[in-house]
Each structure stands twice: as C-alpha cells, then as structure tokens.
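I'd like to ask you about the structure that follows.
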Amino acid sequence: MAGSIFGDIFRISTFGESHGAAIGVVIDGCPAGLKIDFSLIKRDLERRKPGQSSISTQRNETEEFEILSGVFDGISLGTPIAILVRNKDQRSSDYNDLKNVFRPSHADFTYQEKYGFRDHRGGGRQSARETVARVLAGSIAKMILSEFGIKIDAAVSGIGGVEKSNFNELNFEFAEINILRCGYLDLYESMLAKVELAKSEGDSVGGIISCICSSVPVGLGEPVFDKLHADLAKAMLSINAVKGFEIGSGFEGTKHFGSTQNDEFMSNSGQISTKTNHSGGIQGGISNGQNIEFRVAFKPVASISKSQKTVNSDLEEVDLQVNGRHDSCVVPRAVPIVEAMASICLVNHILNRPSNRMEHLKRFFDIY
Amino acid sequence: MAGSIFGDIFRISTFGESHGAAIGVVIDGCPAGLKIDFSLIKRDLERRKPGQSSISTQRNETEEFEILSGVFDGISLGTPIAILVRNKDQRSSDYNDLKNVFRPSHADFTYQEKYGFRDHRGGGRQSARETVARVLAGSIAKMILSEFGIKIDAAVSGIGGVEKSNFNELNFEFAEINILRCGYLDLYESMLAKVELAKSEGDSVGGIISCICSSVPVGLGEPVFDKLHADLAKAMLSINAVKGFEIGSGFEGTKHFGSTQNDEFMSNSGQISTKTNHSGGIQGGISNGQNIEFRVAFKPVASISKSQKTVNSDLEEVDLQVNGRHDSCVVPRAVPIVEAMASICLVNHILNRPSNRMEHLKRFFDIY
Amino acid sequence: MAGSIFGDIFRISTFGESHGAAIGVVIDGCPAGLKIDFSLIKRDLERRKPGQSSISTQRNETEEFEILSGVFDGISLGTPIAILVRNKDQRSSDYNDLKNVFRPSHADFTYQEKYGFRDHRGGGRQSARETVARVLAGSIAKMILSEFGIKIDAAVSGIGGVEKSNFNELNFEFAEINILRCGYLDLYESMLAKVELAKSEGDSVGGIISCICSSVPVGLGEPVFDKLHADLAKAMLSINAVKGFEIGSGFEGTKHFGSTQNDEFMSNSGQISTKTNHSGGIQGGISNGQNIEFRVAFKPVASISKSQKTVNSDLEEVDLQVNGRHDSCVVPRAVPIVEAMASICLVNHILNRPSNRMEHLKRFFDIY
Amino acid sequence: MAGSIFGDIFRISTFGESHGAAIGVVIDGCPAGLKIDFSLIKRDLERRKPGQSSISTQRNETEEFEILSGVFDGISLGTPIAILVRNKDQRSSDYNDLKNVFRPSHADFTYQEKYGFRDHRGGGRQSARETVARVLAGSIAKMILSEFGIKIDAAVSGIGGVEKSNFNELNFEFAEINILRCGYLDLYESMLAKVELAKSEGDSVGGIISCICSSVPVGLGEPVFDKLHADLAKAMLSINAVKGFEIGSGFEGTKHFGSTQNDEFMSNSGQISTKTNHSGGIQGGISNGQNIEFRVAFKPVASISKSQKTVNSDLEEVDLQVNGRHDSCVVPRAVPIVEAMASICLVNHILNRPSNRMEHLKRFFDIY
C-alpha cells in the first residue's frame, strides 16, 4: 500500500531516490525461458536519458545497468529479476537552497506533510529519476510482448497546444529521428518553436503522448474494476506530471451521438473486426483485437528558472528561482516511460488470460 | 484478478448479472463503530435508478436493499458488510433477438471471445446494472468520509459538446433539482436540447461529469504507483462507458507554460494553501489540502434504436435495431456512481494514512 | 486486510454472523464453462451441518443455499459466483447471559478489545458458523479440481490422544460411514469412548484431521513465500480451533536423520517418482507429483457446560457455565472444512500455473 | 503470485540466487521516521551466517550489506528501503556434478519441471542463501517492533528427538552463548551429541525452534482468513526445510479436554489476563496480550555426503554423494530467520491496527 509495487502477476517493486545510491527494480513473475535482450534495455534507457539533445536537461546520467538475479545464461529463470542503475553525476549541492522551501506544483510540501521528513536532494523519490526503474521493467515486459507479436509504440502528439488526435497519421519512424519524438511530421516545426520559446524564457511547456498497442489478442482485460483501459489509466496517471488519460475518442467522443461513435462490426474471411475504432480497441474492458489507442496529458514541468512566489518551511512567503538542470519540455523523454507502463499492463493481462476458461485450462494440463 | 474486487483496505467484492437473481456487494474492511445511515443508501440508489425522469430508461427497478451482515443495532461491527438488491421487472424476452448478434460498441463480442459463453439477457454482467453494487458500497464509504467532514459532489458538466470546465462555477444544489443533474445553470437548456434531439432520433449522446472532493486532509495518496489521482483514474475508467479522465487542468493544461500552470503557495494564519488549483488538489500523488477536482468523459450509450450494421455469431452481416428500454443519455444517472467510486478511493487512502509515520503510529499505540 | 478475503486468483470473499440474516460467499475468479454440480454443494453442506448425529450440536440448520449470480443454465459464466445460506433456528436469547462475560478461550475478549463492540449472539462472526461459506466455496473448487482428476480426501485421525499418523492406512470410505468420520477402523471404538466421556461430563475434546490430495500435477506452488505447503498451512490455521499443521513427516521428522528422511527418486517407464513420501508431496514449495499429505490439530471446543472461572466486562471474576447447543468434539464436522480450504488452495495454484513458462504461454496463445 | 513478495502493508520483495551476483530485498511500507540501527542488521546477519562454528557449513560469507535507498541521514524516508548483499566465495564448480542429477528431497526436480530450466549452482533460488533477504527485512521489522516495546526471541528447543515443549523454561540468554542456540540448558549436551553423530556419519539431523513474542498489544490479527497465527504459520512454513507449525499447546492440546485446555480469564488491577496460556497468546486469530508462543519443525537438511540413490535427467538411476559444504544441522542458523519472519508478520498487523475502529481513526485525524 506504500505504492511502489505495481502489477498482479508480473509484479514490479521499484526503489531509489534521485540522489541516493541507486535506482532499481525487482520483477517478480517474469515467466521462465525468456531470452533477455540486453540491447533493448540499453536502448530504452538511452531514450529516457537526460542530455539527449539541446532541449533536455544536461544532467549526464550514463545509465549503466546491472542484472543482479533471475537471469542465467541470458535466459530468465522464473525467479525475481533485480536490475540496478547506480546514480552518478549527482550535484546535491545544487539543491541546498531548496531544503526549506516548497517549490510550486512540486511534491515538496505534500511529502513533508505526509512523512514529516524528506530527502530534498533532487526531489528524492518524487524526482522523475524514479522512472528509470519503470523503463527497466518495461523493457523486460516488451520482450515478453514481442514473443506474441505485440508492439507498443508511443510518440509525442502535442506540445503547448500544437496537437492532433488522429492515431492513424502517427509516424513512429519519424518520431524516433527527431529530438521531440514528435509523431506528426507537419507539426514538428511548430512544436519546436513552443519548446524553444519556453526554454528562452526559463519556462516549461506541457504536451501529449499518443500510444498504439498493435496485434493485441482478443480477450485481455477483466470486466468491472480491472478493465484493461482502467489499468492503463492508472498506469499512465502514476507517471510524474501526467494529468489526463483518454482512450479511443475520449473527451472528443462525449460531443457526439451513439450512431456515429459506435464501431460497427464486420466480418472478413472468418475474422470479426470493426469498421471504425472509436472504442480504442477495448469494449467492456476487454480487448477486441483492434489497435489499442490512447492519449496521455503531461502538464508543463514544475521546475522553472523563472521567478515564482512561494512559501518556506517557516511559513514565510519568498521568491524562488529554481536553478539546476531541468527540461523545458519533458514529453520527448517520457515516450519510453509511457511505452514501459503500457507494456507492463499488457503483460499482466496476458499472464492472467489462460485462467479465464475451463476448456483452455484443461487443454493446458492435458498437454503439459 | 478476475476484476470484481476493488480497494486494498476497504475492499469491495461485487456480483450480479442484469437479469440474474440479484446484484450485491460485500465490503471487507469497514471500520467498526460506524453508524449506518440507511436513508443515505436509499437516496443514492434512487439517484442512480432508471426511470427517474422522461429522459431515462423506463425499466422500473424498485431498488430495495437488504443488509445481510456486518451491522448490529445499526452500527458496523468491523466484519464484512454484505448488501443485496434483488433484480425485478426483468423482461428477459426483450433480449432474445440479441442472443446471437454482437451489438456495436457493446461487450457482447469480447465477452463471447473471452469466456466462450455469456448471459445475453440484458447484457449480463456487462450491463450498467452492475453499478448498483458500486453505489451501495459508495454510500457506506460516504458515511465514513462524512465523519471526517469530507464531501464528495459530482454534477454533469457537459452533454454533446455543450460544456464548461470551470470547477468553481459548479452548482451542486441546482444539479440535484434538474433532470440532467446539470451543474451549470446557464447550460441546462442547451444540454436538454441535445438529449431531446438524441431521444427523438432513437440515438444517444455522450457527456462529462465533474467531481469535487472538498475538505480532504493533506497527505492522502502514495507516491509512485498508487498516486491518489492514479487510483481515481482507475476507479473512473472502470465505470461503464467512461473513456477519459483528467485532474485539475488536465488536457487543457498541456497547452500552457509552467509559469502559468504552477500553483504558487501562500501562507494564511499558519495554514499553507495554493493561490490557484491547476493541480486539482494533488501534488506528487498526494493530496495537498485543496479541493480535489476531476472530470470524467462518458461516450454515448451504445444501445440505440436507430438501425446499425453488425455481425452475428454465424459471421453474417446483419442490420440491427436495439429494442428494449435505454437511456438516451446516461450521464445524469452516472453522477452517484462517480461519487461512489471517488468515495471508495478516498476511504482506502484515509485508512492507509496512519501507517505512514512512526511518530503517528507510536502515539496511536500509546493512547490505545 | 480485514481478513475475510482468501486467494489470489480464485478469490473468495465471505460474510455473515452466526445469528445475522445470512452466511455467504462471493467467488471472483472461477473460470467460465464449469458445470455446477448442485448435489455436491448440498452434500458438503450436509457433512458440515450440526445435528448430524448424537455427538454433534442439535442446532437444526436446514442449510438451503441460493446461487445469486455467476451461473447461467447450470454453467459458470466467469463472473462472480455469489452463494447465500439464510440463518434459521437462531435462539439468540440463549446467548443473553453471555453479553457481558468473556468465555475462556473464546474470542469474546479479543473482539471486544479490537472493535470496541461485538455481536454477542452465538459468537457473531467468530462462530464456526462462518465456515458454511468456506464449504460453499470449497465445493466449487472441488468441481474444478475434479476436472483435472485431482481428489481431496480428509478424515479424522486422532481424538483425545487416540491417534495414528500413517497416511497409507487411512480409509476414507469407512470415514464417511461412521459418525466420527474416523479414518482408522481400529481406532473408532476408542475415539468414540473419548467423545462420550467428554459429552457425559459437559466437556469437550480435541482431535486431528489428516488430508490427502491425490493426482496433483507436478509444478504447483511458488518458491520462497508462496510455497504450496505455506499456503496450505495458512488455510488450515485460519479454521476455527486449529492450533497446528504438519506436512509429510512433520514434527516426527525432526527426530530423524537426513539419510532416513530423504525421499530417493526412482524412474518408472519414464515417470520420476519417490520411494518414500516423507516430504508429503511437496519439495521446495512445489508439488512433486506424489500425494500431498498433511495433518491438522484442533484444540477442544472452548464452549463447555462444565463450570469455569472467568471475568465479565465490569472486570469482576464470575463462574460461568456455557449453555446452548455445543459439540463435544467438533472434528468430525470439520472434515469438509479442511477439504474445502485445501481445495481452494490448490485451485489457486492450478490457475497460476500456466503463467510460469514462456513456452507454455506461447503455445497457449498459438492455439487460442 | 510468483511468490517472492510477502506482507500486505510492510511488503518485502526479495531476490537472488545462491551463486548469482547478489541477494537482496526491497521493503515497501516501512513508516517514515524510523532510526535505522545498522548494528542490528549486522548482528542478525552474523547470527544467520554460515561458518559460525564447527557444526555449520564452512562457506565463508562475509555478509556486507549496502542500503541503496529509503534511508537519509540514518532515518527511514517512508520510501522503499532496498538492501543488497553481494555473493562472495562462490565455488560454483563444486556443483558441476549436480547439473543433471536430482538430489533427493531437494527442489532440483520440482524446479526443473516447473520452469523447464534451472540455475543448478548451489541450488540457485532454492538455496537457503535466499534467507539472507529475510533477515535483512526482519531486522528492520524488529526496529519497528522495538519502538513499541515488543520483543521477538527464538531458540532451538529440539534436535533429533531431544526436545522439550515448555515455553517458560526457555533461556534466551543461554541460547545466544552456545553454538546450537539451544534454549534449554539441560538438553544442550544431548543435542550436541546428536549433531556430532550426524556430522561424523556425513548425515544431517532435524530439529525444532521455539519462539516467544512478548509485550504484544491486544487486538492484532484479523478474524477469519488473516488470523494472526495463520499468517505466522504461512511465514514459518515458507522457510526452507520447515515441515510443521504449532501455536500454544498445538498438537499436544488435541489430546486433552476443554476444561483443562481453556485459558480462564482473571483481572488484575484493571487488566484482564489469562491464568494459563494454552492458546499461545491468540484467541479467534487476535492477540490477547499474553505471550505469543509457537514451535516450528525443521526436517534434517537434504544435502548429505552419505551415499544415496537417485535419478538423473536422463532418467537413469545413479548413486549420489553430495559434496560441497553443508550444515549437519541447520536449526541453530535458522533462529534469526524464524525471528525475522515473525517480526515481519507482527509489523504488518501493527500497521493495519489503526484502521479497525472509527473512534481510533477519528481521533487520529483530529490530532494530525
């Protein structure tokens, strides 16, 4: 209940403060026999890493990971997989000014009230550095999904109001070759202008990430409380700075009528599919075989160098300029985090799937 | 993992198909010593009930509930509280036509694929009738919250594109005296026109519900995965027909800069509060003492009497007109459901709170 | 955490006080497609029922159950199965004397301290009447196990010190035709003498139940904390009056050397088995294909009509004779409860099994 | 469900294979503000360490631990505490002979069947080396308990049939100064003779550990499934080589009558206590303020150098002598493990306690 464990079957337990010794994750429930693709872990860490381009923080984290358990001869054992990334390049002294002041829209105040005590260095556990652990676990989850042919792709679809909601136009190849991870070729320049404006003013700007899960089998997700999109929503809202989630037509769909929003079924050589995908690939909480499509809203990063008014721990009102190294727009770096959390969600539902029906279970035990 | 249990401490286990014998809930984890307000349960059931007005389905459910356990002399015992509502007025034969056809954007197809078998009568477990159990549990949760002075209010803030996002203008008194549960006096007429248009065409229309939790103590919510708003998001997306969730400024906030979105702290006679509330009352996943404010997107109801194309279980394409009694707009009846799920979330975090700090715990055991 | 939910996948949520309206269970996680054998539910309720013979309490509970959900046309839907048994023949007035007195070795005192309030009528939730719900859930679990050919048999193996620990000699057919459910033909008379002695003196006597799970597939149980026998131990110790659990050679095995306790492997036409079964069918927490064999210790029932000294709620020392209808020896009636809890444990591990290995999972999704 | 996570509020997630890089634990749910006593962690690791005396394995593990997170300035932050112990002195080549053979009463066979693949080096995850993580977590749990004045003491009470079950005679000071951790002064010599006999014959011998939890507040433990002793039973049976658990009079109590087994209440200057403690400090699953007393049965270690018959992975019968460094009797080293698991159980119930009653909760929120 302390909130650092996620998942029911593929359960991840994360730890680490921004300026502590290390960040890491223990994954309990990875099936045995998975070939571990070390390069994929490395690749996703690189995609999340600060200092990738001119627009992100210059904290230079060389993310070297170590697998401490659960893998033998490059194959998962079925036992817990622990992965560690040591923290480096910590300039804790950058944060001395912040020891007794509550940064606006940061969690300094709420942590102080909740725990009576906090690690002020780099935000401690509230820092987005915590997401390193999510990416580590997510890369293992992606390896599992890839064995089933499932693909998880995310890209930036909005920055500072420059946005589109059309999933079909997303270009994931383009997203990986531009510094914004922008998925819409035609929006790239305007988005970049937004980020550069924010940067030049010592400010930050928000954005949206769109994600598509493709080749998902029918039948994932549980009715009532553990609907597949309910789990995705929780996963996304648990990411730092996320303030909204919508699946399929989402908020836009509330403006329309059932006759235009309903996805009519059709049949193609024995396969049932839908003509449209306003549902975003999930009906009644259960995947229907269409692409799962959702959007995630990120507020602008709270740390800005522009001067702000706030209060210190003596309850005095003070002016604050947050120094240190911060992203003007964190959304590009959040793309692999969105993918990671989506992957972890899907793996949990994949692992749960065989227990749904007696005939499946019986056949399973007949074979093995 | 089969998805009909929700909550970690105040755990609710719901059951029941639309046209089965009964709908109900077992609440495990309600603290002992709570005075049960039977009229509140009745009131919330009435607010959820179909047939309340000309715009909702005419299925006449006289919702009579029976408390089977956990309450003695009107006081909670600390043991599981089971509450039952018998199903009545079931016209199962209304649904015979639907036995072998997959209604567009319903869960007929996904249930069939997941389980190989389904109760087609009234949608079985996929029916929104399941939410009776949520309202039952939610009313108990509200009684607990009310002991702490916490209030949960929801109202309709958008229908068919007629909407506002301003939380401060919401008028909950007005909402309870109009058939739309519309929270904005000036939008009522236009919203009603949307619903009546949908109704007249045998169609349905979507909408948005806004919710405010007030007088919430600071410190609720757990960092990382069990952030308070992540739990709220899951709770909301688990409600039938919900496709989106946003807290505070939500999607709109992504368009702006940190300098305008950050909520500056101020100090008032020893109390720290914020000047604005773009965060929606939660920072770093933990309540900060401001109002918790969020919005929930409902797609138009899938059941419409307008003709649609679809597929039957023999994979033949067919025309379908869904008969039976359906709401043109379900959002007014969903207001108590949103409140219920929010209340259950908050109670869980309330019950978890005393375990956060050694000094609190020690003082607790010193006293008792 | 309030303790009335058991299991991770096949999760049961029980409710009900002894003299409340009803006892019941909600099972979330029963796979779809199970044929429900109503006669098996009835049979196990009968086996648990009081008033079966001259040696058990004469409270006449006609246990009529009602399935409220989750079953359609006699087949499980995959949705929660709720089953209800109404309480009848409650002579609550029998218990008026006990309202303010703490019966020795009962939970009156601990409930009062824990909750500040209790339902004194028939012991409320602490009553063994609660086990009706376990038997209901257990009978569904048995139906699942029986689809895999797994059998769960328990019998009384000791009463008042008249006992044997040999599992091979247990005669389950005999057990079902004698009023003690004694599994050893040669011990029956001496056991009966013990019970009759206790009865004649207004006293009670303890006993032991032995259980064998046969035809269990290899590979059930999780290493480290969720070892199969650790889950069985918890399940058994959760039954009223149970004070001990041992698997295989148990406490006796501590007296011996590894060379005599180790179970040597042998190979028979491609099947690996063990020559002895001191391990009780589980090694390293995982089933090895041999019979799972364990013993459960029940203390004598606390309710006796013999006079005892105790304390009332005014802290005065008083003499107490517990009236009402009580068993002199509860072990015979506990046999179906032991079987029920063992079955629920095994079903959980059966349902978890397909997620252990990538090759199994992949093959599963290749087929479906 | 993969079994390496334990606890509901103070949740520990352990990892590590015997000859992998490291063993460790992540504790999620340690309250903030706990002063970490590094010397206590070190002391319990030393007590578990092999090579402490002539009777235990000579594998020389210098157990150096590193706290990676969750502690700042020596105080717990409320965030996950990760602790790591690197594996050293691994002579993996000692185990090459065992790669393709199933050691009797080891988990080689069951792991192979479950996962299709295993780390044969030193038993991998099945090795008792895994218990290092339990001791790490247990020492943090002990620090919490000690803030409430609760003490957890265990000692060896039986080896090879030399045993006593009387809890009052246990001498924990003596236990800590003899190499057997024997709690009965008068049994020490006979126990030592048993161990030396086993050692001289290349054999092993079983034993029993008794544990007393003192100064436990009334009211810990949840009725029905999460009874305090049910959780203790699971915790104990989850320890390698444990085959039995009994609380209070346990199996012996089954031989007696209610009139002698019941613990009569008495009142002493406003405090209610019991004259005897056959219940072992728990009634109806809830602590009653008396000492919690239980016994744990350990089978003889499976690894012996004496020749045994077994089967290899080609299904051939072979003779096996297990080389390597093994304990003749593991019970002395298991004492801190029993204490660790008991402590973790109690801490979970301590943390859950404040949520039991409305009046407690309300007072809590009134104060904070």
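Think of it as A, B, C and D in the order they're written, each chain with its own count starting at 1.
Going forward, a contact is a pair of C-beta atoms (placed from the backbone, for glycine too) under 8 Å apart; a residue touches a chain by one contact, two chains touch by 3 or more.
Note that the structure is a prediction, hence the values are computed from the model and not measured.
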Greatest Cα-centre separation from chain D belongs to chain B
Where are there more C-beta contacts: A-C or A-D?
-> A-D
Taking each chain's centre as the mean of its CA atoms, how far is chain A from chain D in angstrom?
-> 38
Separation of the C-alpha centres, chain A versus chain B, in whole Å, is 25
Whole-Å distance, chain A centre to chain C centre, using C-alpha means?
-> 44
Which residues belonging to chain A are in contact with no fewer than two other chains?
-> 1-5, 8-9, 14, 29, 32-33, 78-79, 114-116, 125, 219, 223, 352, 355-357, 359
Sort out for me which residues of chain A touch chain B in the complex.
-> 1-6, 8-9, 14, 102, 104-107, 109-111, 113-116, 125-126, 130, 158-161, 163, 198, 201, 203-208, 218-219, 221-227, 229-238, 240, 243-251, 253-259, 261-267, 270, 272, 274, 278-280, 283-288, 297-304, 306, 308-311, 315-317, 352, 355-357, 359
For chain B, which residues count as touching chain C in their complex?
-> 1-5, 8-9, 11, 13-17, 20-24, 26, 28-30, 32-33, 66-70, 72, 75, 77-82, 84, 114-119, 124-125
Can you name the residues of chain C that touch chain A in the complex?
-> 8-9, 29, 31-34, 76, 78-79, 144, 147-148, 217, 223, 350-365, 367-368
